[in-house]
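Two complexes come next, and they have one chain in common, chain A, joined by chain B in the first and chain C in the second.
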Partner chain A sequence: MSEDLYTQLLDLSCGAFLLAAVVVLWRRELVAVVRVFALQGVALAAIVVLLGIHEERWDLVGIGIGVGILRAGVLPYLVRRALAALLAGRAHSEEVRETQPLVNVAASLLTAAALTLLAYAVSRPLVELDPIPATRALPVGLAVVLIGFFVLVTRRRALAQVVGFLLLDNGITATAFLAASGVPLIVELGVSFDVLLAVLVLQILTTRVREAFGTTDIDDLRELHD
Partner chain B sequence: MNAAGYAAVAGQILVVGAGAPLLTGWMRQVRARLEGRAGAGVLQPWRDTRKLLRKEPVTPVGTGPAFRIAPALLVATTVVATALVPLLSTDTPVSGHADLILVVALIALGTLTLALAGLDTGTAFGGMGASREMTVAALVEPTILLAVFALSLPAGTTNLPAIVSGAIDDPARLASPAGFLATAALAVAVLAETGRIPVDNPSTHLELTMIHEAMVLEYAGPDLALVELGAQMRLTLLLGLLSSLFAPWGIATSASWTALLLALLLFAVKVAALGAALAAAEVFWAKVRLFRVPELLAGSFLLALLAVAASYFLSGES
Partner chain C sequence: MTATASAFLLTAPAAVPLAVAGTFATVRLDTRRPTPATSPVPNRAGAVLVAEAPAPEPARSRPHPAHWAGLVSAAVILLCGSLLAGDVLDGGPVSAYSGLLRADPLTVWMLLVIGAVALIACGATPAYLAGARATDRAARRYQALVHAFLAAMCLAVVTANLGVLWVAVEATTIVTAFLVGHRRTRKSVEAAWKYVVICSAGIALAFLGTTLIYYAARQAGIAEAWALDWPTLVARAGRLDPAVTRLGITLVVLGFGAKAGLVPLHAWLPDAHSQAPAPVSALMSGVLLSVAFAAVLRYRVIADAALGPGFTQALLIGIALLTMALAAALLLAQRDYKRMLAYSSMEHMSLIALGTAIGSPLALSAVLLHIAGHGLVKSVAFCASGRILHLEGTTLVGRVRGLLARAPWSAGLFGLAVVALLGFPPFSLFASELGIARAGLAAEPGPAWATAVAFTLALLAFTALTARTGRMLLGPAPDRRTTEDDPAALWPLLLGLLACAALGVTLGPLDSLLHTAAETIGGP
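Up next is the complex of A and B:
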């Protein structure tokens, strides 16, 4: 693969990665949000595979494919199953839409713009250490971390928060791969299983929360019960 | 600067002026066919214009000069902007002055005169339409500017012909993330600016939904014909700008007659294809609620900002 083509494809997948995070912020329907999250997983896998091919490290390509299966296949499937369970429970449509985020959508889009600029600003010294295409794209990973955190704190529905958490983790993974071609395989495996377990637990927790309170609006959980 | 350059400028104005009603007719025809109707034919907007021009000019009692000169000013600003934007050729006598900021300002001036005319009538509808139009315009203009800035960063200038000819020489510039993001942002901004369906419904007379129509309700006869022509020309101009910036192939870069003819042909094809795509999309889309329009436009502004950031940080040169 020529240097030019590699740079272009890497930039393209980084652009798609960032764009997916923004679209998650934009959409209200949780079904659409999960679909976009799966697309982001594909973009992340593409970034890792491209890095692997460019550096001719075939283990990295393998990790990329694994990351793709987990982020674009398994995790969206789990979230979608939790969503289906919520839908089957009762025919209310308000559970599957983020009707009232704490910050309204227009303002959160503008906040995302500010967060992206912030990510670019703080990662400048890092990029200047070694300006190759991969480190140039480093701000994209940081921006997705910040946007994921923003989704996590401003959404009310439990499943929207789960997606925010996963966005955050996608951003961290992307940053790790772009900055240092990834962490050692064993650490990556550990992190991946951690995320998988976290989502499984959160899925069960969401269903329980809805059974107990009739809603997954986290703001309603004000007191402790036994 | 030779005859071909002047011919290119004259050709641009002529093609957009005469072609704009045809484009509108074509889009209505595509829409009608997709909805299973026969449609009125591509020439119908021209027939409407002819009918309106034969009527007696009437202005409402109590309106001032703002109402009277607005149609002419709208068409005039659009014609000047058309002459500046490189639709057929990047090598024209005016290409040195075709600055992005000037073009956007001219388009905004047209919007402003129409809003003032809407206010001048003093009716509830006119004022409401004007206020809605200004709300949309305030969000759209920065988006258009930012989206084109993303393309002007690699070119190093805000001169539109320079941006377009640079993109012809180096097509890889358009396939970058910045190019895609800017395309998406500019497409949304164009839809909002020309009052097409996700933002405004051009064929409605329902007071809850209309933006553009509410401002021009009081116009009749030749004035109405001018206003309609102005709106159609703006649509053609902005679609042409979109195609020039993101699919610049075929635009003449030198002053040769054959290149100019080819550019004319390709321009017609590109704009007709864009119009058909837009009309087809409108069949399937619903208009968004007015209160969600700022959300849509904030999203498009964010895309434009990301495009600028991406073209600044991701690109190879530093």
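Up next is the complex of A and C:
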């Protein structure tokens, strides 16, 4: 693959990766949000596979496929299953829509733009250390981390928060691969396993929150305070 | 020592608790089940422990002998810690599996603290499970999770790979989530949700920081296999890019700080500590916080070598003072005694962060001693508070009166633990707080001022703690049924207090270990 084509394809996948995070902010139906999250997983896998092909490291291509299976397949499947469980409990439930996010959609999109600028500003020293196409795209990963945090603190539905946590995690994975072609395999495996378990735990807790509170609106969780 | 022996000693602290967890998860203990009438929670799929409630008098269930098996993990951790201590002091750090597991004096010190606190918590577990009238299934699940939790903490301290360290710390969040939420009441489900979301998101920041340090290390020419290896990074820290390291270290301190209960991501701590079963609160407060902080101690060495001491010092002092101010303010208004203990943990963690920021050899020795003393005393305090909750059925300070007259053993141990937390001699917290204060006042003007402010705030916190505890324990017994429990079950708590008092009087054989451990984290 020529250098030019590689750079263009890499930028394309990074663009898709960032765009997916912004679309998550835009959509309110949780089903749609999960679908977009799965597409982001595909973009992330594409980034990793491209890096692997460019560096002719076939182990990295394998890891990229693994990342794709986890982030575009398994994790969205788990969230979707939790959604289905909520829907089964109540027909046309309000639980699967983010009816009233704390920040409205227009303000969220503007915030996403500001966060992306912030990510580019913060990551200047990271890019300057080793300016190759991969590290130049690195601010995209940080931007997705920040957007993930934003989703986490402004969304009220439990599952929307889970998606926020997963966006955050996707952003970190992308940063790791763009900066240093990923952390060593044993760490990567450990991290993926931890994330998978964390999502499983959150999936079970969502059901328990629903059983205990009758809703998954996190704003209703206010028994504990000082 | 042969390579096999050291590999065995390094593997056992994580492997044995994991094996114990597996045994509890798979082996059915007995067929004797409590009668359904005593179980107010319907047995839904995966039903967990029954709410802690005052026991109706006659049918008091006895601790099941199999639950004493939990002490095996604690004993193995202590034994491996002591054996490793000898080797590490004689022949320097030992490592196994090409550097993946490694024991230096800091590792050994943390292993001993984990083992001691685990001994208290596992010793208090049979009585807790009997008191909570756990079903066989719930008790086994509880034990399996607690031992997996111990294994994850041990792995976090024996690994030299900073990536594996992160994986182990995140694993503690996952295995303790259901322990926090075990009662399935609204409060405990809420606490578990907040715990998993805040800790996972916070600790994700630490992973981003780890990634950036790895990037800097790779750019500094360190090979992939060694770029997350702590000794390698310490030795070559001078070649790391300062700007990238600064960003990385900030994220790492914030991330592991979240898990250590430091501002700004501390919000999970009072909720989780107040809702978890008493022995689990003991482990979380006594060792989980300091295991997470030990990661900060390790990263500080790298950051100081790459950036000079000023940056992490300013960062840690800022975080320590904010945490202390918040904890003191919330202690003054506290009405719940388990939350009171949780905020007291935040206050002690902020003293530890302050000592780390000061960074002189005296301060670092005092920090390590404080970690040990706080672990022992806080686990005693939480286990005793669990007994009080069991006796009184409430966690509100205002509803508990004249406890010392009614339940002298539990109340006395709780009172002594609070006295120790206040830093009174002969308990070791007196020596360590004195050490931190002396080191701080002897330091440059910045840290000296911070020390003065922090100890003034700590005084406020102490006042609040004294007033609340006094109201609970002193005064005449109200006209209520006296339900003093079996004092024989309180031996782990007594042992913890005695150990803390002994550490305050003399370090004995631990003296050289403490000082070499402080040297390890003092910089290359």
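Note that in this section the second predicted complex is superposed on the first by the 222 of 226 C-alpha atoms of A that agree within 3 Å, B and C clash if a C-alpha of one lies under 4 Å from a C-alpha of the other, contacts with A are read in each partner's own complex, and residues count from 1 in each chain.
Heads up, the rule we're going with is that a residue touches a chain if its C-beta (ideal position, glycine included) is under 8 Å from a C-beta of that chain, and two chains touch if they have at least 3 such contacts.
Note that the coordinates shown come from a computational prediction; the quantities given were computed from them, not determined experimentally.
Aligning the two structures on chain A places chain B and chain C next to each other without any clash.
Once the two complexes are overlaid on the shared chain, A:R136 sits against chain B while remaining clear of chain C.
Of the two partner chains placed by superposition, A:A84 touches none, neither chain B nor chain C. In the superposition on chain A, A:A121 makes contact with neither chain B nor chain C. Touching more residues of chain A than its counterpart among chain B and chain C is C.
Contacts of A:D194 after superposition on the shared chain: chain C is touched, whereas chain B is not.
Contacts of A:A180 after superposition: chain C is touched, whereas chain B is not reached.
For the three-chain arrangement built by superposition, the Cα-centre angle with chain A at its corner and chain B and chain C at its ends equals 150°, in steps of 10. By the touch criterion defined above, A:L102 lies against neither chain B nor chain C after alignment on the C-alpha atoms of chain A. Within the superposed three-chain model, A:C14 lies in touch with chain B and out of touch with chain C [touch as defined at top].
Of all Cα pairs spanning chain B and chain C in the superposition, the closest are 19 Å apart. On chain A, the patch touched by chain B and the patch touched by chain C do not overlap at any residue. The touching residues of chain A, counted against chain C in their complex, run 122, 125-126, 128-130, 145, 149, 152, 158, 161, 165, 168-169, 172, 175-176, 179-180, 183-184, 186-187, 190-191, 193-194, 197-198, 201-202, 204-205, 208-209, 211-213, 218, 221-224, 226. On the chain A side of its complex with chain B, the touching residues are 4, 7-8, 11-12, 14-16, 18-19, 22, 26, 104-107, 109-110, 112-113, 116-117, 120, 127, 131, 133, 136-137, 139-140.
Touching chain A in their complex are the following residues of chain C: 100, 161, 163-164, 166-167, 170-171, 173-174, 177-178, 181, 184-187, 189-194, 196-197, 200-201, 204, 207-208, 210-212, 214-216, 218-219, 224-225, 227-228, 241, 243-244, 247, 270-271, 274-275, 330, 333-334, 339. Against chain A, the residues of chain B that register as touching in their complex are 172, 175-178, 180-181, 294-295, 298-299, 301-303, 305-306, 309-310, 313-316, 318.
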